[in-house]
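The following blocks contain the structures, represented as structure tokens.
Heads up, the next two complexes both have chain A, just with different partners, chain B and then chain C.
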Partner chain A sequence: MSDESPNDGRDGTAADSIDPKLLEILVCPLTKGPLRYDREAQELVSEQARLAYPIREGIPIMLVDEARSLDD
Partner chain B sequence: MMADLLGMDPDRIGRLRSPERLAYFDPARIWEVLRPAPDCTLIDIGAGVGFITLPFAKAYPGAKVYGCDILEGMVGLLAEDAAAQGLDNLAASLMRPNAIDLPDGCADIVIMAQVHHELDAPEPLMAECHRLLAPGGTVAIVDWKDEENGKSPAKGRRVPEATIRAHLTGAGFRDLDSHEIYEFHAFITGQA
Partner chain C sequence: MQGPPTIFDRRAVRRHRDRAAAGLAGYDFLLREVANRLADCLPDIKRSFPTALDLGCHSGQLAEVLAGRGGIEWLLQCDLSPAMLAHAAGPRLAADEEALPFADAQFDLILSVLSLHWVNDLPGTLAQIRRALKPDGLFLAAMLGGGSLEELRQALLTAEVEVMGGVSPRVSPFVDPHDAGALLQRAGFALPVVDTDRIVLSYADPFAMMAELRGLGESNAVAGRQDHFTPRGVLQAGARHYHQTHGDRNGRIPATFQIITLSGWAPHESQPKPLPRGSGQMPLADALD
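Up next is the complex of A and B:
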């Protein structure tokens, strides 16, 4: 394991962390445009829709109703 | 009417469901090697569209089959396809990245196909596979071969077989075995 991946499953956060490659299959459900993964905020950001979709316990919640508006 | 894709890219879903994959990745080859008991319990981690889960549940109607994924869109599609095919032995369920909501030692077989190369840190999920398996149960890993063959992803995106084996050993699996059944994929088993 490299020093760049501190998430070794023993720090209590592993279950909540998501591997970014798993997200490549996702697009914004509203615009069908690309998403940017904000690891710190645990959000998937759609700049086009100005929405941020939350990732809760490592599960992306791809619902517009659950998304945070970037303009608020 | 197809289940809500919930943000999944329809083109990618189409490619995952493409029957053309069968030409080089026939899932039936896996159970030819594993020879599961007719009433086994199998967990497919990262089941996706059910490329393995659906035909297994069909081939083993007496088995209990769980198809797990972190994407609700995938779980919805799999549940819909299982229902359409009358597979009441298949449960599609949502998992967290390294946690499946099933009890210790409940499974005879855990399959992870085409998942390993998507993971930056596979160790916690390997440990979860071990937890789910009954003593003597089998973990089955399928992933792209680490070679330039026109199908495998680019170097850096592939996981050498030795690395997968090290992850399995680290998680407590023993009697590791490699099976040459696919042109483009490595297939490794281990015993819990």
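Up next is the complex of A and C:
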């Protein structure tokens, strides 16, 4: 986001931290199967769908269009 | 297997929201008005909702309205547009209403303000919402309904036939309130209720109104719409028809938004239900005497 934005979405948490409660409730949108949190890569990995969903600035992007294929 | 018909271009919906995100604060009057009306429904329900979800949160308007209200302890916000989320605060994620990323029975309350009218597979989305609710959890949503933007629809239709000799969809088709109740029931909601309300806003001219819709990220995203732009001649003829048919004495024009409010509960044994057929003990004739 640009710096000139009036509300830049900061909420006092570290940029790469993810709400632990979120990890409990999220599943893969495609398969509804479990996700593995890859802290290093900041990704939520769905082995069933062979997709990794990115976490950007603490926000999981659970969109199939934005996910990285594990088979590439 | 063939999926549900594609009415809306979801990538366009996302693109419109992404583009609108930075400037939304200047155009979010309708969004805030509807969010306020929806939030006002909650105090009537004597319940607390520890874990809640806002489906299609835009840049956090409902969360602002709800702050400290409705017995909500944890509100998760989600939107199709990551750019919108960047302007919101608190727990949030990007998700597509058509493919929800939630495990079963997680939420006490799921809310949605002006988002579900862009969903292609509304029955599928409603079924996913019901599954994400805990038993006895509440779904409460406001979406645009079939009577919305009727003035614009008529004006552009007349103009397009006049200028182009044919029509293409320029105003999004909306859900009919009569269908919405049946959809809730089909998705397995108990005690479904559908309510409709009208909000009429006044604008200097149709261009100001269309600028506001664009600013809200509500530009037409109907799949099969004619490229990105409505030709200038059609717009100008449309604006003329709009003024002629609906303009008031001050030269301003009204725009009608029909708001459909849906509510339903995830089934739970504590809820009232009809008795099984044939379980009556008294003949109907006695009751009618």
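Just so we're on the same page, the second predicted complex is superposed on the first by the 56 of 72 C-alpha atoms of A that agree within 3 Å, B and C clash if a C-alpha of one lies under 4 Å from a C-alpha of the other, contacts with A are read in each partner's own complex, and residues count from 1 in each chain.
One rule holds in what follows: a contact is a pair of C-beta atoms (placed from the backbone, for glycine too) under 8 Å apart; a residue touches a chain by one contact, two chains touch by 3 or more.
In this text, all values refer to a predicted model and were calculated from it rather than measured experimentally.
In the superposition on chain A, A:Ser17 contacts chain B only, with no contact to chain C. By the touch criterion defined above, A:Ala41 reaches neither chain B nor chain C.
Of the two partner chains placed by the overlay, chain B and chain C both lie in contact with A:Cys28. Of the two partner chains placed around the shared chain by superposition, neither chain B nor chain C is touched by A:Leu70. Common to the chain B and chain C contact sets on chain A are residues 1, 5, 7-9, 19, 21-22, 25-29, 32, 53, 57, 59-63.
The residues of chain A lying in touch with chain C in their complex are 1-2, 5-11, 19, 21-22, 24-30, 32, 53, 56-57, 59-66.
Per the touch definition, chain C reaches chain A in the complex via residues 11, 22, 25, 59, 74, 76, 78, 80, 82, 85-96, 99-103, 106. Taken in their complex, chain B has these residues touching chain A: 5-9, 12-13, 70-73, 94, 96-99, 117-121, 123-124, 127.
Those residues of chain A lying in contact with chain B across their complex are 1, 5, 7-9, 14-22, 25-29, 32, 35, 53, 57-63.
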